[in-house]
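Would you mind keeping the following structure in view while I ask a few things?
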């Protein structure tokens, strides 16, 4: 018999639990938490790799102060917010429409689901290139189509505002399927007999949607909202490849500005502060959503 | 067909068209000779050639990034599914204190913007001389692959009936043995879905690959494509051919396993 | 085979819920004991503690002479049949039944012989190479049984194994279980919420309520001399009638022990409310204004008695079949 018999199944289970969890948790701690902590620590220092003679002095919140006063940073923030708002709104709406349409059982639904998943599955880089090509000034199909309709197309990637169009469209094209499938799963969880009861009670399709579908879809909508907002806020690949942040810095989101500061301008201290800010905003947004819509959910459950 | 069904079919049809058209266009362009690429485009062209695809593999040795992507995505997937499934099982089934904070940790890590960890990872990898190597990519990839697999598999394991392990334990198997003999075989669909999703995310990853590789020998497919530079202008023919080649494997995976993928994605997400 | 002892077993969950309040029970070798009670009474918890799937917060559990309170399930040598059968879906019937023996390191040919033996006894030879998903409910049940039997354990545990079967199958399987017990002479602990099942199957019936044992006795004793109010009301269908007496006690009388007589005769007077013909008998609900305003007595009457709603009747109680209880403690008084 072993020297110290553990007190019962619970202790054995706890030890096994920790043993099974530790490889994953250990790895995560090492390559995720530790670097994040390092980034936060670094953000409190002056650390410019182009000027190593300056050393790495502790400067407290100076980087953050600089960021708040940095015109380019503020603009990048605005760009990110605008992009997030536009793309998430479009994705949720289109996704909802698509989910509702696909909810009606029809032949080939599996095929449709697979087909619309493909944009989501390909590298963002590829999506960016595809859309960049379509909006190309000379050989782009978009301009050809617009011209043939008698519309004079803007020079997409040179016009500061027009450049957003392919960016947002590309993101919507790529990410809507995920939202649609998420919402579809949510829709399929709604009991069909609720609609039957409503129909008997004389409710129109719109009312059914407003009073049955929407409320019961809230959890799925919330999840879609959180995921998409978080990802839209961190957008990098799409913009880097499609416009490079251009023209100039007209389409530069925060993640790209941070990247530039870090790995091109080699301002590690400052870049770290920027990335902490990105993290904080993404985090706060998520928490905010859970608060608002989550409270709504529990309120309604009465 | 009822009116409702008609607009639904129309909506779906339109959206499928909108989804497919860019691909169609890309394929057409990738098969169009270079000279004609810069003329006015037409929807149904003729005179298609394979020049760009040939150039891709002969002149640019595109099989190198493909190999790199396969190795990195493959290893990341294998490691994270192995380690992640153990972790997920413990979180889903075993009772021990600290479980809830751990789950929260996993979720929180998945929320990190990659940009926030790029610089310290860069310095860490550099000090370990892992820049521009396979481990130098696999390790950072685990930052998103592990939370992803754990998150998906926890949801999946929770759905399995608890009585299965209990029966196995009463029958004489210890927890780990029960896990290996009973849970894992039954969990194969979920494990497969998780593996596919992890592979797809790893294959598509860009920022880390861009930051942690230096040259064509270790660059992955997304980076290689993004950095295509022609002499004077972007060689669209080859770029788009590369895009199709990069797309084909993941598209095939998705088309083959769409049901599993969707189940995995939505089960973890909607049930929370 | 083996004996079982629960000594002062308590189980409190971290959220405060008390599932077992000091259980004391002794099961003899080869005895068929049924734990019965409404849901939440703690019978399943008691069974799971016996299996090792839960650990008591206090007290001891002994199997044979061995204190198994902290021993993990795989080292206990008990076999369990689950409510959902819990068959391994990816293994054939053969592999399912051989699993336990394989876990204990038995030789492959020994496993093969034993599985074949058990399959023959249960009529499963034809399906040995099928997977559970391809079997009917009744077949799956038998596989679950076979899996338990193949191991020749010290103790068999059954967790509501019949509740997923339809009535006809349930009755058939009940008989089979009884036969099995006789043949194997096994020590069996069986959990059910169905009091009829408990009464027909058990050598002894253990009625549980709210984490405690109300009575543990042979079925006839539980029926004829229920130890507490709860047992009296739980066992027997239709439910016993309880009539408050002038001395503060409760008089219990089963519907079968109340006779319908002419109005004016008998101890109670009432008006018939509902008549339920049941083939071999009639179930009457009789309103008696006397003891409690609107109180209804359930009465079992012979099938040929002519009686209709709104008919006034007299009720006579069989003096040999009366029970008296203290309403405060719930204990039997006489």
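Letters A, B and C mark the chains in the order given here, with residues in each chain numbered from 1 onward.
By our rule, a contact is a pair of C-beta atoms (placed from the backbone, for glycine too) under 8 Å apart; a residue touches a chain by one contact, two chains touch by 3 or more.
These numbers come from a predicted model, not from an experiment.
Visitor: Relative to chain B, which chain's C-alpha centre is the most remote?
Guide: Max centre-to-centre separation from chain B belongs to C.
Visitor: If you count the contact pairs for each chain pair, which pair has the most?
Guide: By number of C-beta pairs in contact, the leading chain pair is A-B.
Visitor: Cα centroid separation between chain B and chain C, in whole Å?
Guide: 54
Visitor: Approximately how many whole Å separate the CA-defined centres of chain A and chain B?
Guide: The answer is 16 Å.
Visitor: At what distance in angstrom does the C-alpha mean of chain C lie from that of chain A?
Guide: 56
Visitor: Can you pull out the residues of chain C that are in contact with at least two other chains?
Guide: 52-53, 72
Visitor: Residue numbers in chain A touching 2 or more other chains?
Guide: 10
Visitor: Hey, which residues of chain B end up touching chain C in the complex?
Guide: Touching chain C from chain B are residues 161, 163-164, 166-174, 177, 181-182, 185-186.
Visitor: What residues of chain C sit close enough to touch chain B in their complex?
Guide: Answer in residue numbers: 51-53, 72-74, 76, 78-80, 82-84, 86-90, 99-100, 103-104, 147, 151, 157.
Visitor: How about chain A: which of its residues touch chain B in the complex?
Guide: 10, 13-14, 16-18, 20-21, 23-25, 27-28, 31-36, 38-39, 42, 94, 97-98, 100-102, 104, 106, 110, 112-126, 129-131, 133-134, 136, 138-141, 144, 173, 177-178, 181-182, 184-186, 189, 205, 219-220, 223, 227, 230, 233-234, 236-237, 240-241, 255, 258-259, 262-263, 268, 271-272, 275-276, 278-279, 282-283, 286
Visitor: Tell me, which parts of chain B touch chain A in their complex?
Guide: 4-5, 7-9, 11-12, 15-16, 18-20, 22-23, 25-26, 29, 37-41, 43, 83-84, 86-87, 89-91, 94-97, 99, 102, 105-106, 108-109, 111-122, 124, 139-140, 142-143, 146-147, 150, 175-176, 200, 203-204, 206-207, 211, 221-223, 225-226, 236, 239-240, 243, 246-247, 250-251, 253-255, 258-259, 261-262, 265-266, 269-270, 272
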